[in-house]
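Note that chain A is present in both complexes that follow, paired respectively with chain B and with chain C.
So, the complex of A and B:
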C-alpha cells in the first residue's frame, strides 16, 4: 500500500483466489488516514468468489464512510468478471490509470 | 525413509577400534619389557651367586693351602682340591653370564681373576704345598694375589649389582608405562561410553520425534479422510437431490438441467438451480452459487434457494425477490451468494429476471447467434442497500435460454474464453436438437476441460410452433396467438 496526494493505492495482481485470501485481506486493510483509495487490479486476470467477496466488502465499507474508491481494471477477462459480478455497476471502474486518479483527486476534495 | 548408520556412531566405533589397537600394542610392548627385565634380574642374581661361589672357592683354596703349609696335614688340603676343581667352572659361568648380560666391563675382570688364580696356584699354592722355604714371602705374595682376586670379584659384583639396578629401573619404567596404558584404557572406555550414551540419547530423541510426527500425520490423514468423506457425502446428497428434483412441465416450455459436483472435493457444495411453477403459465426460476465450500456452503445454498421460493411467493417480481433474499441473508450473516432469479411467462413469452453478481444468462434465438443477456448488480449478502433492477426480455418461439453457474465458464480461469466456449456449446446443442440440452452443453464444454468447480446448468426451451406438433404445443400456440 502506498500513499501519495492523499490517494491510497492498493495493488493486487495475478489470479485472486481462495488460497490468497489472507494476503488479499491484509492488502485490503483500511486505515483511518485514507481519503481516497485506488484499488489497482491492472494485472489481475481472475478472481474467484472468495476474492470478490473481499473486494466487494472493502468497497462497500469505504463507500459507507463516503471514501471514494476507484477500481483500475485493465485485462479484458477480469473486466468481464467485474461487470457481471456487479462491481462495475456499484463502484467506479476505470481502465485508465490517469482517469482513475483524476476521479479520486476530484472526489477526494469534495 | 532410508535407514543410515549415523556418522557419530561410526566415529565412536572407529575411535574404539583405534584405542583397542593402541592398548593391545602398548600392553604387548610393556609385557616384553617386563619379561626381559625380569629374566635379566634373575640372570644377574644367579651370576652374583656364582661369583660369590668363585670367591668362596678361591678362599677355600687359599685356606687349605695355608693350613697345609702350617701343619702339613694332608686333610687340610681337601678344600684346596675342591676349590681347584670348581673354580675354573665357576669363573667360566661368571664370564658367560656377564657376556649374556652384556656387562662388558666385567669380562676383563673375570679374565683377570682367572689369571690371578692361575698365578696364585703356580707361584704361591704349588710352592707352599711343595714345602718351599721362605713361606712368609710366599704367603705375602699369596695375600697380594688373593686381594687382587677379591678386588676383581668385588668389582664384578658391583657391575652386576649396577646392571641389576638398571634392569629394575627398566622394569619400573615399563610398569609406569603399563599404568599409563591402563589409565588410558579406563579413560578410553569412559569416553567411548559417554559418546555411546550421547548417541543413544540422540537416537532416542530422534525416534521419539519420528514417532510423534508419524502419529501427527496419521491423525491428519484421518481427519482429512473424515473431511473428504464428509465432502463426498455432501456431493452425493446434492447430486441425489438434484437428480430427484422434478422440473415443471409446461406445454410451451421445456426444462432441462444438470448438476456436476466438483472433482476437487473441497469445492463441492454451493451451487443450485430451481424451477417452481407459480401458476399455469408462470414458472419461478433461480440459479445461484454460494461463495465457499463444504457443509457451510451447502447449508447456505439450501437456505438461499428456499428464500427465493418464499420471497417469490410473496412478490414474484425478480428484482423484489433478490432484494428480499438479500435483506434476509444480510440479517443472517450469510456468505456471499451470486444468483439469478427469473420468471418465465409461457403465455406472454416473456422472461423477467434480475441478477446478483451472477454470470449472465445466454439467450439463443432461432437464426441468430447465442448472446448474453444484460446483468450487473451486486452479489447477495454484501450490501443491504444494493438495488436489483428487473430486466424483461421477449422470447421468440424456438429460443433457448441458458442459466448456469460460474463453473461452466471459469474452468480455464479466463472468463472470456469460457464464455466463448459456452456460447459454442449452446449453439451446438440447439443445432443438434439435443434431447437433453443441459447435458449436451455440459458435455460440449467439458469434453476438453476438467470439472474443477461445481457446475449447474438449467436450460429453458421455448417450443418452436412450426417444428413441433401435438396437442400441448398446439395449446401453446393458441395461447401465444
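So, the complex of A and C:
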C-alpha cells in the first residue's frame, strides 16, 4: 500500500482466486486517514468471484463513508469477469492511470 | 471419425489445487488452438465451478472427510466443448445473499448451457461453442 497526494494506492497482482482469499481481504483494509483510494489491478491476470466479492465489500464500505474508490484495470479477463458478474455499475473502473488519479483528485475534494 | 479430445483431472477439494487445474485446462485449450478470449472465458467458468466445489462440497462441520473433485473437458466433433466439474460431496441449496453468489452468474454468462446434477454429489456441466482451429480439423 502507498499513499501520495492524499490518494492511497492498494496494489494487487497475479491471480486473485480462492487460495488467496485471506490475502486479498487483508490487503483491502482502509485506514482512518484514507481520503481517496486507487486499487491498482493493472497486473491482475485472473480474478474469480471470490475476489470480486471482496472488492465489492471494500467499495461499498468506502462508499458509505463517502471515500471515492477507483479500480485500475488493464487486463481483459478482469474487465470481462466484472461484466459477466453484472458488476459493471458497481465499480468505478479506469484503464488509464492518469484518468483514475484525476477522478480521485476531483472526487476526493467533493 | 476423429475421437474427441479429452482432459480428465482429479485433485483434493482444496483451494491450493484450483489454480493448477485451471492452468492445465488452459494449456489443453491452447494446444487445441482455442483463441485467447475463449480460453480465458472457459477457464474462468471452470474456475468458478471448482471454487464452488472447494467451498461447499465437503463442509468441515459435516463430519465427512474432504474428498476429491474432478474436471472432465471434452471437445466434440462439430466444435462443441463441454466441461464438467464434479464432486462426491453434499449439495446445499442456499438462499441468495446480496453481494455474494456471483460464481453461477458468471458461469451462466459464459457457457452456452449449464446444468447442475445433484444426484451423486454435485456435477456442474457446462457447454461452450468453440470456433477454434481444433473444430476445423
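Here, the second predicted complex is superposed on the first by the 108 of 110 C-alpha atoms of A that agree within 3 Å, B and C clash if a C-alpha of one lies under 4 Å from a C-alpha of the other, contacts with A are read in each partner's own complex, and residues count from 1 in each chain.
Following the convention adopted for this analysis, contacts are C-beta pairs under 8 Å (C-beta built on N, C-alpha and C of every residue); 3 or more make two chains touch, one makes a residue touch a chain.
Treat the numbers as computed from the prediction; the structure is a model and nothing was measured.
Engineer: Return fit or clash for chain B versus chain C, each positioned on chain A through the superposition.
Structural biologist: clash
Engineer: Considering only touches as defined above, state whether A:88 meets chain B (first), chain C (second), both or neither.
Structural biologist: The answer is first: A:88 touches chain B but not chain C.
Engineer: Which partner does A:50 contact after superposing on A: first (chain B), second (chain C), both, neither?
Structural biologist: Both: A:50 reaches chain B and chain C.
Engineer: Once the structures are superposed on A, label A:19 by its partner contacts, choosing first (chain B), second (chain C), both or neither.
Structural biologist: Only chain C is touched by A:19; chain B is not.
Engineer: Given 63-71, 333-341 or 387-395, which one is the stretch of chain B whose C-alpha atoms run into chain C?
Structural biologist: In the superposed model, chain B runs into chain C at 333-341.
Engineer: Could you give the residue numbers on chain A that contact chain B in one complex and chain C in the other?
Structural biologist: In chain A, positions 15, 46, 48-50, 52-53, 56-57, 60, 76-77, 80-81, 83-87 sit in both the chain B and chain C interfaces.
Engineer: With touch defined as at the start, can you tell me which chain A residues reach chain C in the complex?
Structural biologist: Interface residues on chain A, with respect to chain C: 15, 17-19, 21, 46, 48-50, 52-53, 56-57, 60, 76-77, 80-81, 83-87.
Engineer: Per the contact definition, I'd like the list of chain A residues that touch chain B in the complex.
Structural biologist: 15, 45-46, 48-50, 52-53, 56-57, 60, 76-78, 80-81, 83-90
Engineer: Which residues of chain C touch chain A in their complex?
Structural biologist: Those in contact with chain A are residues 15-16, 18-19, 22, 37, 40-41, 43-44, 47-48, 51, 54-55, 99-103, 105-106, 109-110.
Engineer: Quick one: which bits of chain B touch chain A in the complex? Just the residue numbers, please.
Structural biologist: 289, 291-292, 335-336, 338, 355-360, 375-379, 382-383, 386, 406, 410, 413-417, 419
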